[in-house]
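Both of the next two complexes hold chain A, though its partner changes from chain B to chain C.
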Partner chain A sequence: MQTLEYEFIAHPRILYGDCSLEEIPAELAENDACKPLVIASREAVRRKLGKTLIRAFYDSGCIIGGIYDEVRDYAGISLALNAAQLFRKRGCDAFIALGDRAAADIARAANILVSHKTDTLLPFFNGETPSRRLMPFIFVPTCCTGASAAGRTLFIDNRRLHSDYYFPDVVVTDRRMSLPCSARCAAESAILAMDNALWSIIDDNQSPMKNAFAHAALKLIGDNLSGFLKRPRDGKRALPIANAGVLASIAAANARPGIVRVLGEELEKETSIPAAVFIANLTPAALFCIQKNESPLPGDLLLAAAGMDAYAAVPTEQLGRRGAEAIIEMFESAANEIPEAAISRIPAHLLAEACNNAASREMVNFGADDAMAVLEMARQEMPWQTHDNGERK
Partner chain B sequence: MNIDRYPEIRPGKKVFKKAYAFVVLLVVGRGIEAADRVDGEVKDIVRGLPEGFTFSLGVAPSGPWMVIRKEKSGKLRYLGWRRFGKTIELDMAIRNIEAAFRIFTFRESTAQAHNNGRFSVNGNLPNALAIMRIMDIAEIYLLPKIIATLAVKRYPDRRELPPGRKHFNRLRIYLRAFSPGLFRVVYRNL
Partner chain C sequence: MKKEIIGTSNKVLEVDLAARRFWVSEIPVGDRELYLGGKGMGLKLLFDRLKPGIDPLGKDNILVLTMGVLMGTGAPCSGRFEAVTKSPLTGIMVTGSCGGPFGMALKTSGWDAMVIHGKADEPVFVCVDSGGATFADAAGIWGTGTAAAQDTLLAHGSGAMVIGQAGENLVRYANIRSGSRFLGRGGIGTVMGSKNLKGIVAKGREYKIRPADKKRFDRANKRFLAHINNNPVTAGSWRSYGTNANIRISNAAGILPVRNFTAGSHGQAVKISGETMAEKFDTRHDVCKPCAILCGHRGTIRGEKRHIPEYETVTLLGSNLGIFDPEIISDFNELCAEYGMDTISTGGTIAWAMEAAEKGLIESDLRFGSDEGIAETITDIAFRRGQGAMLADGSRMASKTYGGEDFAMHVKGMELPGYDPRGAFGQGLSYATANRGGCHLSAYMVGVEAMFGMADPHALRWKPYMVKFMEDIFSAVNSLHICLFTAFAVFLEPPLIRFTPTFIIRHLNQNFSLLALNLMDASLWPELWHAVVGKRYIPYLGMRGFYKAGERAHVLERYMNIREGIAKKDDTLPRRLLDEGRTCDHEAKTVPLDSMLKTYYRLRGYDENGIPREKTLEKLGIGKQTK
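Now for the complex of A and B:
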């Protein structure tokens, strides 16, 4: 019998459901804080989510130190410095990030600056890890892939920092906040959540806790994805997908980054096309490569996406294949909502550069050749897109 | 950087919701006091509470509250909405005014609210559960059945609480709750 050796950390407290936004003042009080600085994305403020957040503080006795709403798509160090300056001048004692990944990253970076009483992140870029606990940090993900930023990675100025201290203390998924702005945004959120869950399950370092988080995320996505893509503004569907995004990002924070996510991020850097677009196109190819190499897929976990009935109807020896098919089906249904990433049109030198950069990232367990093989597979006519008799599905 | 572009924000107040919660707590508080004098089951539960036991139920962080004490005579007494100067042994707080409004508009039963983590309890847990049972009984008497079924965990059937006894006790509780004693409490708390 195989003995398990694993470590798992899931620091954030997840608040989910009706009135969860109104719980923030109580959570701040439990962390000995009463004056938060809100780091909000421009998009969130434009959609008046900032006002909704302020209304949640009515009758709470808390004062909001300010809403710093300069965050757009890119998290830069200058924004973090400005946020830290505002935090100090206002005498704040907690951070609330409202928005997507960029808002969360600015809040994390500003949190490091104020907690370590410094004006530079250079030591941290050079490998130093935080030496003390950071200020309370609450993350309220909004649409546009926000929930996938609940992990332990800080991505600022195109650099990645990892530490358990970067986990938010509280993640609040609320119906009023988590509605996507468009069908494309909904599809991208679902793709990122699925990717995080999928590669946490496929990761070599098996851990029952990680599997539990990823399995729950896949189940939530499987139950709600089709309805969510048809009606992205339906809160009953959007909220479970946001919750799945949070669970999957916690699972992914405890796993090695998957080949597709890393490649997607590197290609995003090269082409400025969102990573989710590449992930949707590369995942089927990557799964096919895994199956071709006869690596076993944990089909029992992957089939969570298809539901209990599908799981019960599949013979044990076919679980891996059918699990992969169920996942590919979900990715393809989400990919219908986003433009196709024409990988064949991207210059070869950019692809090669992305592969090399992906293979040189920390903690990855694949080489540039593996990444290129996945890209080559994605450029071809996919074997899973044809029936056994050769007709296209 | 011009920090004046990001002004400090002092969130406002939800006056209507607070006023509604205040009225509900006042009526429930008086209802609990009256139910203790009318209903046998409430009397049995109160007998198990220690003498001088004082508890408060309200909305964190700034109220409104209701405070009830077990007197030397063994009866519960509603002391009003002021907590200052009273030794509270069991402090039950609904975590925010929105959650309180959900509970007091009966969109969520008290048991479901406990399950959803809407309450924070500071004190002896068995006593807190006893108080929740008393509140459920008081709500059964104070509210029409169609609303009370939403507010309590389980509405008693006709054998447990015959309709005749229910309506007779309900009348007595209403008379006691809105008796001149109410004005005494209001006067003392002003």
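Now for the complex of A and C:
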């Protein structure tokens, strides 16, 4: 019998549903905590989501120690230091992040500061990792983009720190907590989630658990994306996409970062254009580059993107290619809502810098040349964007 | 007898450093009318030659030097020249103005502009005279500071411009020295360094410049001089104390940057004021030539004759670092002058490093309020040593790598000068929309809002109109090209403004801004321009044409920046100014940028993403070839 060795960590417990907020006190109690500090984005507080959260604590035996509501779109150490100070002053014993990626990252950073009784993250920036479990941390994403932050990466002040301790203990996706978003924001969240799922399936670590998470994420997106893009303000439709984001980010936390994501993030740094815009535009090119290098794409892709029936109907040797086509179709439906990333208009020296920076990132398994090849390919028309009859899709 | 140039020569000296050759081209007559000279002409020359998307430190970048039409005519404050290139600090166009003697020397050698192409294999300097350019080996002066390099070059002519070690080492905000004045911002000196060009020296004094209509010119010039000598700023506080006369005004108005823009005033500000320095250092004038305002000063500091640091230097290397000792600030200023480094960007980047160290993002002993380690850091930056290498790329790049983007005080990569816009919202809008990045000279709204009290600093109504109007005027003045400080005299001295009480002007500005702005009489500037080039000046219409030329230059620069990837996402302010209140405010105030930006775009004829519409470009004649 063949034995399969793999490692998979899915630390967060996922609570999903219309009234899942009310489960938070029980989760806190299970983690021996009863007085959380809420780190909330300004937008969440402005939309009175803080009040909804407080109501969910009613008569539960837990009290909210304070709400720190200074978080905007940038996670910086200044805010983490302020939050940690408030945490200590109020005698809190857990963190709840209410908002998007920035709120989650500020909570993670403040958590390190209070758990390690320090006022600086410098040793962690220099490579140290947490030596012990951090304070209980619950993440309540308020928009589906934030759901992609449920993994093991702390992104603060443009630095990426990785540790299993950075996983939230609980992720709560509750319909009442989803902020109405625009079609563009909806598309960007779907793209980030799809990217996480796609590259964890392509990753060489073939853990079946990781693939199961990624498949579930792609299935949720496939079933709900078009409805969500049509009605992005509808919280009911946002919930499955947010959930897919959480699942995909856990899958991605168990895989190497994909070339498209890393390159997209580096291009965002150079140009201030959101990474999702690049991801949408670069994914077909990256998949084509993989095929061109004769490294077969996993047939699983088709199963995940198009379902069992489509998978069963395709000959084995075509599975990879058809899987890529199905995925690209999903990306394209989301990409219609976001502007094109006119790569040809970005100065060549900035593209080269982004490729070099991407290749020097931790844990990646590609070089600057590979990244440049993807960019070059993105400028050309790819053969599989053409149907057999020659018509452009 | 000297040969004469009537009006302008319209001759452009183009040099190729790689091939060590030169050729001569002409400024088309049409372009002269559309872009006037100075900044506008520099941008047009660059637009016609520069490929978008090139590396600013690569051989394809081009450096353009242009003179104004008034230079050499004897008009006060007209001895200024302009440099235009693609900035290595911001990645977009940068324009800079300098009052040093090089401009006059180049113009009186018969050239209205000089364009530098390519990259020399070895360090060189270029000698210019009326016959063209020669190229000389600069190995002997490569590695020297700006003062020594300038002295060497002056053996070959009457005006030189040079870079120091910072430019050679590609510090992204290296500047250029000419006399005791600097072409300060955006790394124009870095571009010279990247071309292995240590300096340029012009023989000068070969031609006499004569206005085409001498009689009309003399009449207008007399009025101009009278305005300057009557105005309490140009003939009073600035003449006595220089730009540092603004320190106490800024402190009282709450716009003085303190400790990396965390406060807008400080109890010790008086120690670095112009008044204190004049008394302490027994100051004398040290100015651009010719000048009637005389804002520059020198004095005896630590037993040496030194140039008194200007307002921007005093704020960025002083109050913004928590330092209020003018002697120490002068020490830093001297170092920056020697290495050839912009004091605003140096100060802004060090302030970022201080806060980053305080918050544990980088390891450093730099601390607010302490001068320890700052002189060493400036030297390290100039030579790109140790942590200096990281700071040499400016606060934007440093914060992208090490974090602290929320307190990296730059716009489009260029560090902010010494006015906190939370005390003057119009200034905030003009920082965000300034073409070259964090620049106070794009519209100088603090003058209107905080210094002369002509508009409520915290009101939003009409601010976009005022910003657009000031941007157009300043762009036209820089194209003319004359010192911007003459604006105090030109704007404030005509009787309509002079005899109207400030509260009425403020009321008009705030409630009937369009009317108020149209009542402004800036006719002196275009009158002078028309007299020099010998064109008929039609009152009012001539002034509107002048504004339009300013608008044209501004929109052309924007259009060139759009080609480099600039859009609405870049027309913003540091997060600190948008999100954080200050310790000096009774009630936390942040700049409500978005609400002003939308109206501004509409007025400018940009689309909602900040891109000039086709119609706008067409209306201004941008992109058309002229003969």
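Basically, the second predicted complex is superposed on the first by the 374 of 393 C-alpha atoms of A that agree within 3 Å, B and C clash if a C-alpha of one lies under 4 Å from a C-alpha of the other, contacts with A are read in each partner's own complex, and residues count from 1 in each chain.
Note that in this section contacts are C-beta pairs under 8 Å (C-beta built on N, C-alpha and C of every residue); 3 or more make two chains touch, one makes a residue touch a chain.
Computed from a predicted structure; not experimentally measured.
In the superposition on chain A, A:D119 makes contact with chain C only, while chain B stays out of contact range. By the touch criterion stated above, A:S272 is placed in contact with chain C alone, chain B being left untouched. In the superposed model, A:R345 makes contact with chain C only, not with chain B.
Once the two complexes are overlaid on the shared chain, A:R133 sits clear of chain B and of chain C alike. In the superposition on chain A, A:F57 makes contact with chain B only, while chain C stays out of contact range. Contact with chain C, but none with chain B, is seen for A:N158 once the two complexes are overlaid on the shared chain.
By the touch criterion defined above, A:K48 reaches neither chain B nor chain C. Across the complex, chain B meets chain A through its residues 1, 3, 6-14, 18, 60-62, 95-99, 102, 116, 118, 120. Remark: chain A residues 70, 72, 74, 76-79, 81, 119-122, 125, 156-159, 269, 271-273, 345-350 touch chain C in the complex. For chain C in complex with chain A, the residues that touch the partner chain are 52-55, 58, 91, 359-363, 399-407, 563-565, 569-570, 575, 579.
Here chain A touches chain B in the complex through residues 17-19, 22-23, 25-26, 29, 54-69, 82, 85-86, 89-90, going by the rule given at the top.
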